[in-house]
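Chain naming follows the written order as A, B, C and D, and within any one chain the residues start at number 1.
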Amino acid sequence: MTPQLLWLATLDGVAYAALVFLVAVGLTLIFGVLRVLNVAHGSFYAIGAYTAASLGIAISSGGLPGWLSYPALILAAVLIGTLLGSLIERQLLARIYGKEEVLQLLVTFAVFMILEDVQRLVWGVQPYFQDTPLRLLGTMEVAGVFYTRYQLLVLPATALVVLVGLRLFLRHTLQGRVILAVTQDREAAMAMGIDAHRVYLTTFVLGASFAALGGALASPTTALVPGIGSDMIVLSFAVVATAGLGQVEGAALAALLMGLGRSFAVYMYPEFEVLMPYLIMVVVLLIRPQGLFGVAETRRI
Amino acid sequence: MSALLEAEDLHINFGGVQAAGGISLTVESGERLAIIGPNGAGKTTFINICTGYLKPQQGRVRFRDAEITARPPRAITRLGIARSFQIPQLFAEHTVLENLLLGAAVRDRAWRPWWRLSGLGQRAEMLELLALFELQTVAGQTIAGLPEGVRKLVDIALALALRPQLLLMDEPTSGVSSQEKFTVMDTLDRVLRERGVTAVFVEHDMEVVSRYAHRVAVWSGGRIQALGPPDTVLNDPAVRADVIGL
Amino acid sequence: MLRALPPVILALLLAVLPLLATWTTVVLTLALAKGLAVLGIVVLLRAGQVSFGHALYFAASGYAAAFLAGSLGGGEVLVLLLAGLATSLLLGLAIGWFVVGYRYIFFAMLNLAFSMVLYSLLEKFFHITGGSDGLRVPRPTLLGMTLERAEFELGLFYLTLGLAVLAAFLVHRYLASPPGQALAALKTNETRLEYLGVSARAVFLGGYLISALLAGLGGTLQALVQGLVTPEMGYWVASGELVFIAILGGAGHVIGAFAGALVYEFVQIYAAAFAADVWQLILGTVLLLIILFASRGLVGMYQDLWRRGEGKEAAP
Amino acid sequence: MSILARALAACLLGGLLGVAQAAERPEEIVIGITAFLSGPASVFGEPGQAAAEMIIDNINAQGGIDGVPVRAIYVDEGAGGEHVVSEYRRLVQQEGVSAMLASISSGNCNQIAPVAEDLKMLNIMWDCGTQRIFEEGDYRYVFRTQANATPEMVATVLYLLKTKPDFQTIAVVNQDYAWGRESWKIFSTALKALKPDVQVVAELFPKFGAPDYSTEISRLSALRPDVVLSTSWGGDLDTFVRQSAQRGLTGMSTFVLPLAESSLQRLGKDLPEGVIVGGRGDHYFLHPEFRDDPAFQAFSAEFREKTGAYPIYPVFHMAQALAALQKAYEIALENSEAWPDTEALVDAMEGIEFRGLTRPVRLREDHQGLEDQLLGTTVHSDTHDFAVLDNIMIFPADPITTPVGQISEEWVETLDPAMLEMEVDTYQHGQ
């Protein structure tokens, strides 16, 4: 493992971690507030990716300037996040907050199954390629290897912006503090007159938008095919559970841990690449069931 | 009378608050010991330590010469100590009778996976126990639908179902209306005497304490401020001032 | 007992169906095999816990049977079933030992993690497990008889039906028994259960092992009838499906597991024939409606229908 | 009353229809075709399906086979192995198909072969390349109307050593399933036999359908092997080549892609010059010997008009499979008056020789097709906006296919370096 390979593995790990973080942060935010593990989160990722690709294709075939495809990524994320997020939260989740946890989990699982087919109906099954945002930025050489600037700079930068932005939003704005309050103690927050439903809606839309943003940013780097949603969602389960449910900063670190674990595996034991995230998850959960940063809840009698 | 339960120099604190600062107490077999004191004095903590729910940072608990300090609640229960709870802790989706049958099944190791809980031999015994507390009418109802007072009684009945030698009760009569309070305590007193069960109970109503307790321990700030027969302790001016004068 | 009549008629119809329409034999066997695994989920649900990785035992036992059948050049169905049960028992003990200490979302996630580790191993080690193509299960003898395809499938169907009825009866008795009721007690008040003098961990481990065995049995039967095991048997979506079917069928009654599995399998087969790429949409919508309006599942609806028929007010 | 009852009634009705089997001349010949109609591999299945529809329409336009029209039912391999096997069984038992054309994925072929034998159903492996099926068991009902991994890999090694005889290091990035693993075993064994001093620097097997190869590409960029081999195909190959081109890996190493003929048009300018490309048989839309053949041109034009793309090797393989089936019916009808049942068709298929759109193919007694192999090197041209092949060589099937009864992995070890002197028809792009 020469220093060069070490450096390369780290770069690849960070690029991959940035993507996984964007999806995981939305998932953990939603769980923190709504106490619902949103299985349909992977569909937001996939549909965000498909929408970004469609917008990109429309731009390039419409002869519009290439750089427009960057704002198109953000537009796709916001569009999908708000549309799908509010539709699902208002029409479905709002009706079942009182119900048992397994039923809430299953509602999102049902939504996941529905959206998997909706993807297929709307975008078909052919692979989609739309890499204008990636190609425009060209490549740069690092340690003798060519990297695309998009993957090396744009993805990690966006993830950092989202992390810092979310931290500032949660800690220093009214709306953010309200969300934090509901995360820490839902009953107390409600007792203080916080309108829970508005908080649930904004959190769910925010979480969904992050996942869609993750998908939109990933679309230039990968081929879009049915099933990318289900792979990404189980990986973000691993990240969120390892970090501790509801922990935003924890999710960043856990995503980095998984990203590096996976890329180092490709360099040393390629066979273990797929296994790494779940191995890490099992080890962490066995040692700290509430995750690295989670807080263990004790029951009072 | 021989010592049944000996607590020795128990210390425990939660984040700076000292819930037990050197508690030593011996409960004699067959007696009725009442524990009084302001809220937060550490009364419930004492019961939690004796029943294994909490591990004391210092000190020991012995039951009939057996060391039970850090033993888990299930082991301590099997030794013959049962408890009831300030907030009734029952199986909400089961009926009153099923709650008691479950206790009896564990007590008698009637644990075959093909026997029917409702068909167990202890059914008659449990119905009779319920009848003592006039609970036979609600035997078939699920706990979730019952009022607080009734749930409190079922909680105590469930503890008795385990045929304990020592019963620790946390505010047995709270939630029961004041007229019924004495009928309940009479029944309880009779059952405990018939079965030779020693009882320790946390109580706020001084009338109940003076009528049913052989001895009274006054808890304050995690320590025992006074201990003795009710009429001396309850009339002690110091006790009256900061404990009863609430 | 009138209410029990229609299900009995349906069960008899089920038993006769493969004789009328041969192609239904395999579909029904698959549905009953999946129903057994779903019955395992119902047991866990009784303790208020959901495992999001229970297809782990479904796949592990299937692969155990496949390896054994492969090495024996077929072997005997009963021996393979025992191998499958032994695998899920051992795995259930090894994983259960850790997992039963957790509750709610942590229990679900840890099960998911273990199942994804197995899935990755199955998919990655091509030279041992056949990788993503899976392993073929050569046809074993049934009760010592080497049979042609049609007779084997019919024999296996009746064996599966027998095992399903036996499992349903035993689980029904178990859930009504002291350890079974202790499982339900664990759901509402674990502390008081400990205070009765029994270890909640031991009670839950008992329930977990039973559910692992049921899932293992289901997995082995599917491997035998399909003649094929693939890593997808252990993917997280498969675990999700098992929970889905438990709620669809109704977790309140053991029959719900099989009712849900039958409806699920037939919708999947028929949707594949008529509306290939919307069967997930159909099933997802059906589940949503069930959760929102009839959260006690098909069996719950049936019971309400019957109760309304008798004029009594429907259960809350 | 309950959903359960209605569902059971529906399947009762369905069951009765299936019971009546076709005894004499049916009013239509139904054939089942499995192909990837979803997922990354659908870039194979969709053209394959389009070709089948086109060919069947043409057959029916001329009155069908001996007056009986043909109808095809498609099964999507993208839904997973279990789905394909249960659908295969349903078609045979319930839809009463006369023949099955099964499948693209080697994994599915492995699973289906024994099932077909079990169901006693004529099964033509129209596209999958795993050689293990006929080497590990003998089948009566299973045939392969195209070559298998061995001739394809041996031809690729020969072409590589003829055009770049002195390379030192090689890395492989194959899909992690039967085809990926076995093709690499044969290629590496053949290469060691013909050029023992070559060093393998990396063996990577990303997941089938993996959407992202960036980590693998970084590792290969660091290692800088002389040659990068990948037998991946369809969407996976497109993604791998695109991402490699984006990061300049294709400039550093010579890419050897034995299945890339199927991706030429889709990759467009992303596929650089100097890449060694194969077509799993002598399949290429500018095939030097058939470019001017009127039937070839007509088919190619009709296909392009229907799908907007040139035919790729799955299309040629579908044409070969259907040509073989048609020929089998002709032979069976000559032999006896009665309408051919499966047994008659299977007998007709023994040792059959037929021609799809390019060179004729003959089935050996182990039912394996002998198909010549065409390889070339990409060059950009002004006539097409995607890479075309130059320095084309066509290797005859016989010397490069494992003799009947032998195991490929063992036979390939015995290859003699003298084989490199083999005389081969060679064409330059211009001719």
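By definition in this document, a contact is a pair of C-beta atoms (placed from the backbone, for glycine too) under 8 Å apart; a residue touches a chain by one contact, two chains touch by 3 or more.
Source: prediction; values computed, not measured.
When each chain is reduced to the mean of its CA atoms, the one lying nearest the mean of all protein CA atoms is C.
Here A-D and C-D were compared by C-beta pairs in contact; the pair with more is C-D. Our note on geometry: chain C versus chain D, Cα centroid distance of 38 Å, whole angstroms.
Here the CA centre of chain B is 44 Å from the CA centre of chain C.
Separation between the centroids of chain A and chain B, computed from CA atoms only, is 51 Å. Residue positions of chain C with contacts to 2 or more other chains are 123-124, 191, 277. For chain B, the set of residues touching two or more other chains reads 53, 85, 89.
Residue numbers of chain A whose C-beta contacts span two or more other chains: 120, 125, 271, 274, 301. Residues of chain C touching chain B in their complex: 170, 173-174, 176-182, 184-185, 187-189, 191-199, 206.
By the touch criterion stated above, chain C contacts chain D in their complex at residues 6, 10, 13-14, 17, 20-24, 26-27, 30, 123-124, 126-127, 130-134, 136, 139, 149, 226-228, 230, 232-233, 259, 262-263, 266-267, 269-270, 272-273, 276-277, 298, 301-302, 305.
Only residues 51, 53, 72-74, 77-78, 82-83, 85, 89-94, 98, 102-103, 105-107, 110-118, 120, 158, 162 of chain B touch chain C when the two sit together in their complex.
Touching chain A in their complex are the following residues of chain C: 45, 48, 50, 52, 98, 101-102, 104-106, 108-110, 112-114, 116-117, 120-121, 123-125, 191, 236-237, 240, 243-244, 247, 277-281, 283-285, 287-288, 291-292, 295. Listing the residues of chain A that touch chain D in their complex gives 4-5, 8-9, 11-12, 15-16, 120, 125-127, 129, 131, 134-135, 139, 143-148, 151, 218, 221-228, 262-263, 266-267, 270-271, 273-274.
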